[in-house]
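A short worksheet on the structure shown next.
We just call them A, B, C and D in the order they show up, numbering each chain from 1.
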Amino acid sequence: MSDDHGLVEMEPTPGEKLAAIFKQREVRVATAWGVLVTAIFFVIGGWIYPSWMPTAMSTDMKSIERLIVIFTWISAPVCGIVLGFSIYTFLHRHKGDTPPADGPGFRTNSLVVGLWVIVSSALCLVAVVYGLIEMNSASAATAEHKKNAMVVEVTGSQWAWSFNYPEQGVQSHELMLPINRPVEFKIISVDVNHSFWPVQLGVKVDANRLQTTVIDTTPNKLGDIDVKCAELCGLYHAYMETSGKVMSADDFNTWVTAHQGGHTA
Amino acid sequence: MSGKESTMTASKRALSAVVGVLLMVAVVGVVGFTLHSASADPHKKLYATKTAETIVVDGKTYPKATITMGVYADTAQAKEMGYNTINKKDYVQYGPSSHIVLPAHTYVTMTIHGYDGGEKLNAPFFGKVVGTVGGTMNVDGVDVTEIPADQVQHTFTIHSLPSSNRDPLFVNIPLQHVDEGDNGFLPTKDPGTNYKGHTMTFSFITGGAGEYVWNCEYPCGDGTYAKFGAAMSAYGYMSGKVSVA
Amino acid sequence: MTTLDHHASVRPVPNPSKSLITKLNMGTGLVVGVIFALATYYGLGGDSAGVFENYNRTLLATMFMWSIGFMVGIGAFIGPFRWLVGKDLTDEEQLYLAGDGQGIKRYFKYCTDHKVVGIQYMVGVMALLGVGGTMAMMIRTNLIQPGSKFVGPTIYNSLVGLHGITMIIAMIIVVTGPFGNFIMPIMIGAADMAFPRLNALSWWVLFTAIPVLCSAWFLGGIPTGWTAYAPLSIQAGPGMNAFIATIIIFAVSTAVAGANITATVVAMRAKGMKWNRVPIFVVGATMSVALAIPAFPTFMVSMIMTGLDRSYATTFFDANLGGSGWLYAHLFWIMGHPEVYVILIPGVAVLMEIAPVFVRKPLFSYNAAIAGFAGITGLSILVWAHHMYMSGWMPMLNGPFMVTTEMISVPTGLIFLVILGTLWRGRPWMKLPMLGVYAFLWNFLIGGITGLYLSDVPADNYLHGSMYVTAHFHYTLMGAALTGALAGLAYWFPKMTGRMLNERAGYISFWLVQIGFQVLFLGMFIAGAEGQPRRVADYSVNFATSDLISSIGAYMIGLGMIVLLWAVIHSWRHGKIAPMNPWGSKTLEWTVPYPVPLVNFDTPPVVTSDPYGYGKAGN
Amino acid sequence: MSGDTRFHVHHDAPIQVGRRERLGVRLLIVADGAFVFGMIFSYFYLRNLNANNGWIPEGGHTLSAMSGWVSVFPLIIAAITHRIAMKSGNAFKNIAPITFVVLLVGLYLQWKQLAHMPFQVDGEAEGEKIFGFEGAYASSWVLIAGANMFHYILGAFVALGVALRSRRNDLNAVLEFWRQRTVGSWLTWIAISGIACAITTSII
């Protein structure tokens, strides 16, 4: 569609056109609203949102927190534009039982459309590239971990997790991990699909029926872990949770020795 | 949908609105009530019996309590054994109730009579005795720490949601299966039959008050997938609640 | 496959009042359907077939035979049979099938009039939304506090599954059913749909799915969630058969309706309605049903496989014998992701149709709107595996799927631009439909942005399978699509019922629903961020606050929806008589009177411009 | 509004109606195509995944590729005879029944194949017979054969329809011609789909 009826009729450079748009009072007022909204989302994304999330106990979880903050910041201006302009029009609504007079008849504005596409593509590109970089560094870390990793075989069964430490010859219903040692989880399900989710470690993968999946991470903070199932797995899905601990290497060795008898008390 | 203009007065319309809305709220309420009563816990809870004795474990003194359950191959067997099951379907089941109540900070000694056969556990881990005092249980007078994965009839596994204000409680008891050859494997109408089965006795210590759940980890339902259908997927047969109060 | 078509009939005209078609209606359909079902059930041994597979086979066969029997009984196969033997329906018979002069009775017949089908769909959708909403109330009641004190896990899991699938079905048809059938043909100046008998077929086939779905309650429920992931669905009890049968029946209905609507828009537009003059609602609805045509059959494949696994012991999803749950997830999401856009796009298109009317400005950048819809439609078939990031099926492909998924944000952005541009420098007339446009902007913004996190693989490590996901898709499906559908209801209510929707009740309902919605799902975002998995009957105490907030919001929505339902029923019976064009719109449906004549237009309209010619030319 | 107007509006030109119907059928073919795509996708997905070596489990049977082709040939022949019949103009009504008969033969062959697949594992449970299938290969084969069967039934229905209709003299010739073309679209599609399935099942 042509832009004969464009918002701005002059044909100077796009830069001048843009400047002309911003000279309009209504654009500036709407933009002010937008800035306010952007600021609010900045605060939510940067501080309020992360405060809801549990303590990060691995670099994976740390990077997820960072990523969520950055994504919120990227989207804050988008929220600002959309909400700023809609708040402005809402405040200038027409009241009454009869329809308002016809508004201006412009049908498009190629400058605005073009700018919109470019900016949204750019923001999208930032998100994509950032995500790919994070993924890449995660898989580089995986390669690093492989050398020195402690293997934990995770078995999901309806409706409990069990853990086998082949290196130590220990089995447990709790996930005990030494700090700062890479750990490689080999996950399998003996019945339906589950999803292995040690919440504070920021990793997750499905436990598929009789098919092994692998994830790795390095716990770097002492504390309790919640291990949950994130895939509906039947009657007691809600109760398919267990606890875990990240402990010092010494504590871990003590725990291993105490449980090598074949049972956990 | 007549073509007439409405002649309803404002007050009449308001009344109609209030009545209409209340009526619909009531309908939703009735649906809720029906569902609630259909899914209520068994009417009878099974309470542990407190005894006067106390016991010292790891330097701490605990009062003692006992509780007894049975696990039956089907409703007929449960009835034969003297339990009036409230369950509707003819499934393998624990009795006499699926909701057990235990006293807090107590040394609980639990006895489970198992009368069922068995094949093999899906997850061999649940062949181990976990969470009992001393890490053992007593099967027909013999102390054991685990039962081979292919000799289990059912398990009694207590677990819970991890949360900040509740003491952890995890107990896993595998029940020794009854061989086909053993006398009393299946119920008969013959009143002279002596049901032998196996008797598992074990003790564990409860923490503070809290709600827990128990279920069986042995594949004893039906279905082609890991036999966790039917009885295993229906609440109150091979699964239930544990209230520590 | 025929329409009300012309042919030189030289045979004597049979008197339709003596023909079989005049004897058939919903009642005969029910009777024949029940007979078929009972005969099948007891013929195959009833519930004495104790074996898992055999019993499933019996139940599935019973459900399908009910559906077929109903269609036989209501006369759906008369047309195809007559075509087969070469004795096509006469004009009189076709006129009779169109419900000519049959008053209220035609709503209970195999009626080919698109307006009747539209009303049937509308009532059906409202019933489905009511049932699904009631189940949502039950879910939230159970989650008010930890401990699952309201219902046990069996019933809770069934509630989750049935709420999900009921709402998904309702949302797929909520716009294209009532408005796509009633309004759209008039909007493009057509006399009827391209295939009126298929139109009736699509509704009545769908209708037969409703009792099938309800039967799940009496067969032990659907404990798998609406996604029905295998192998859980293979393990599930007999209620699962109801799910399988419902989806297969529904997929047939969708394919038929999709082909019908698409063919209508492609082939039956009024003279002069070139592609760039088609109202945007029609474009959006058509794109969405056209997308559904290739999408749903893969769901049908997966359901047939599930049915075979359950009733014939095949091993599609048993990894022990070469199957895989991943296969199910692929087939499901190849349908499942396009399907969310099938739900979303018509709702958005309704709002794009409404905005110009109430702002009295042309739609901003019609081309951008089309590009937005087309971009979403095109990309949506390339993004399915983002639901499988965490399934472990092939982690190396997560990257490409992340790229395609995030690319969707660009055409989605165009949708915002079009609506914002339309609002800009206008003075919006704040009638009920217009409020929906604003609610949409906020809800879809939140839904879209939270989708950005979920599309990102590392963030999905944390968010996948949590309440966060649930909140996100409710923002898009309910906040955006349902808001659009309700705005459409308020907008087209005068044309469909001849009366105005009670405005005050509408406002009360709107604010209750929208505020309740924010409370509910913002609370759920918090629960998700805290780490609460979705679909749980019980949860740890640390989630108690956010879940309580969510439940309060749910009750507000429930109350608001009840007020709306009252308003609809009351206004339909006693509302103010609507003028022909209460909103001063320029689309064709407002040029016909109420009740809309059988063939819509006395003289076929000729279109000379698009319907957005508001405002002064130029600036 | 008079009754005449009503009729007038509904009576589009036969060529328009014919085109519209063909468009509708083509759209339904798109839907069916997605279905066939889903089956073929599943076949290759499971074959390449070969979870726990269960694609063809130890001792499992295979079906020769020829078996798949034999039941597809009638589909191809039917599509060709229909085309020949269309080209022959007035002789259509004499050739059309051949298409129908060919499809019936195919339907029988397909049924034979389905009923005599070597994959079935019989078992007993609670005194009742249950059936099982050997593995993913067998399962996928059965599904594909079943879909072919469904195509045969629909194909035979429309082939019988055009054959019967072509013998009547009171039908609109233009519209009937378009309906033959529409049926041709369907017959061509089921032949293509059959070939695709036969190629799929040839790769064991």
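Heads up, the rule we're going with is that a residue touches a chain if its C-beta (ideal position, glycine included) is under 8 Å from a C-beta of that chain, and two chains touch if they have at least 3 such contacts.
What you see is a predicted model, and the numbers here were worked out from it, not measured in a lab.
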**OP:** Name whichever of A-D and A-C has more C-beta pairs touching across its two chains.
**Re:** A-C
Original post:
CA centre of chain A versus CA centre of chain C: separation in Å?
Top reply: 29
Original post:
How big is the gap, in whole Å, between where the Cα atoms of chain A centre and where those of chain D centre?
Top reply: 46
Original post:
Quick one: chain B and chain C, Cα centre-to-centre, how many Å?
Top reply: 40
Original post:
Where the CA atoms of chain B average out and where those of chain D average out, how many Å apart are those spots?
Top reply: 52
Original post:
Residue numbers in chain A touching 2 or more other chains?
Top reply: 191-192, 209-211, 226, 234-236, 238-239, 241
**OP:** Among the residues of chain B, pick out those that touch two or more other chains and give their numbers.
**Re:** 161-162, 225-226, 228, 233-235
Subject >> chain D residues counted as touching two or more neighbouring chains >> reply: 51-52
Original post:
Line, ring, star, complete or other: which one describes how these chains touch?
Top reply: other
**OP:** Could you please specify the touching residues of chain C with respect to chain B in the complex?
**Re:** 52-53, 134, 137-138, 141, 146-147, 150-156, 159, 220, 223, 231, 234-237, 309-310, 313, 318, 497-498, 505, 538-542, 558-559, 562-563, 565-566, 569-570, 572-577
Subject >> Interfacial residue positions of chain A with respect to chain B in the complex >> reply: 155, 157-160, 162, 164, 171, 173-174, 190-192, 209, 224, 226-227, 234-236, 238-239, 241-243, 261-265
**OP:** Going by the contact rule at the top, pick out the chain A residues touching chain D in the complex.
**Re:** 210-211
Original post:
If you look only at chain C, which of its residues touch chain D in the complex?
Top reply: 1-11, 49-54, 83-86, 88, 91, 95, 191-192, 194-195, 198, 255-256, 258-260, 262-263, 266-268, 290, 293-298, 300-302, 304-305, 308-309, 312-316, 318-324, 326-327, 330-331, 334, 597-604
Subject >> Interface residues, chain B side, partner chain C - complex >> reply: 1, 3, 5-6, 8, 13, 16-17, 20-21, 24-25, 27-28, 31-32, 35-36, 38-41, 161-166, 211, 222-226, 228-230, 233-236
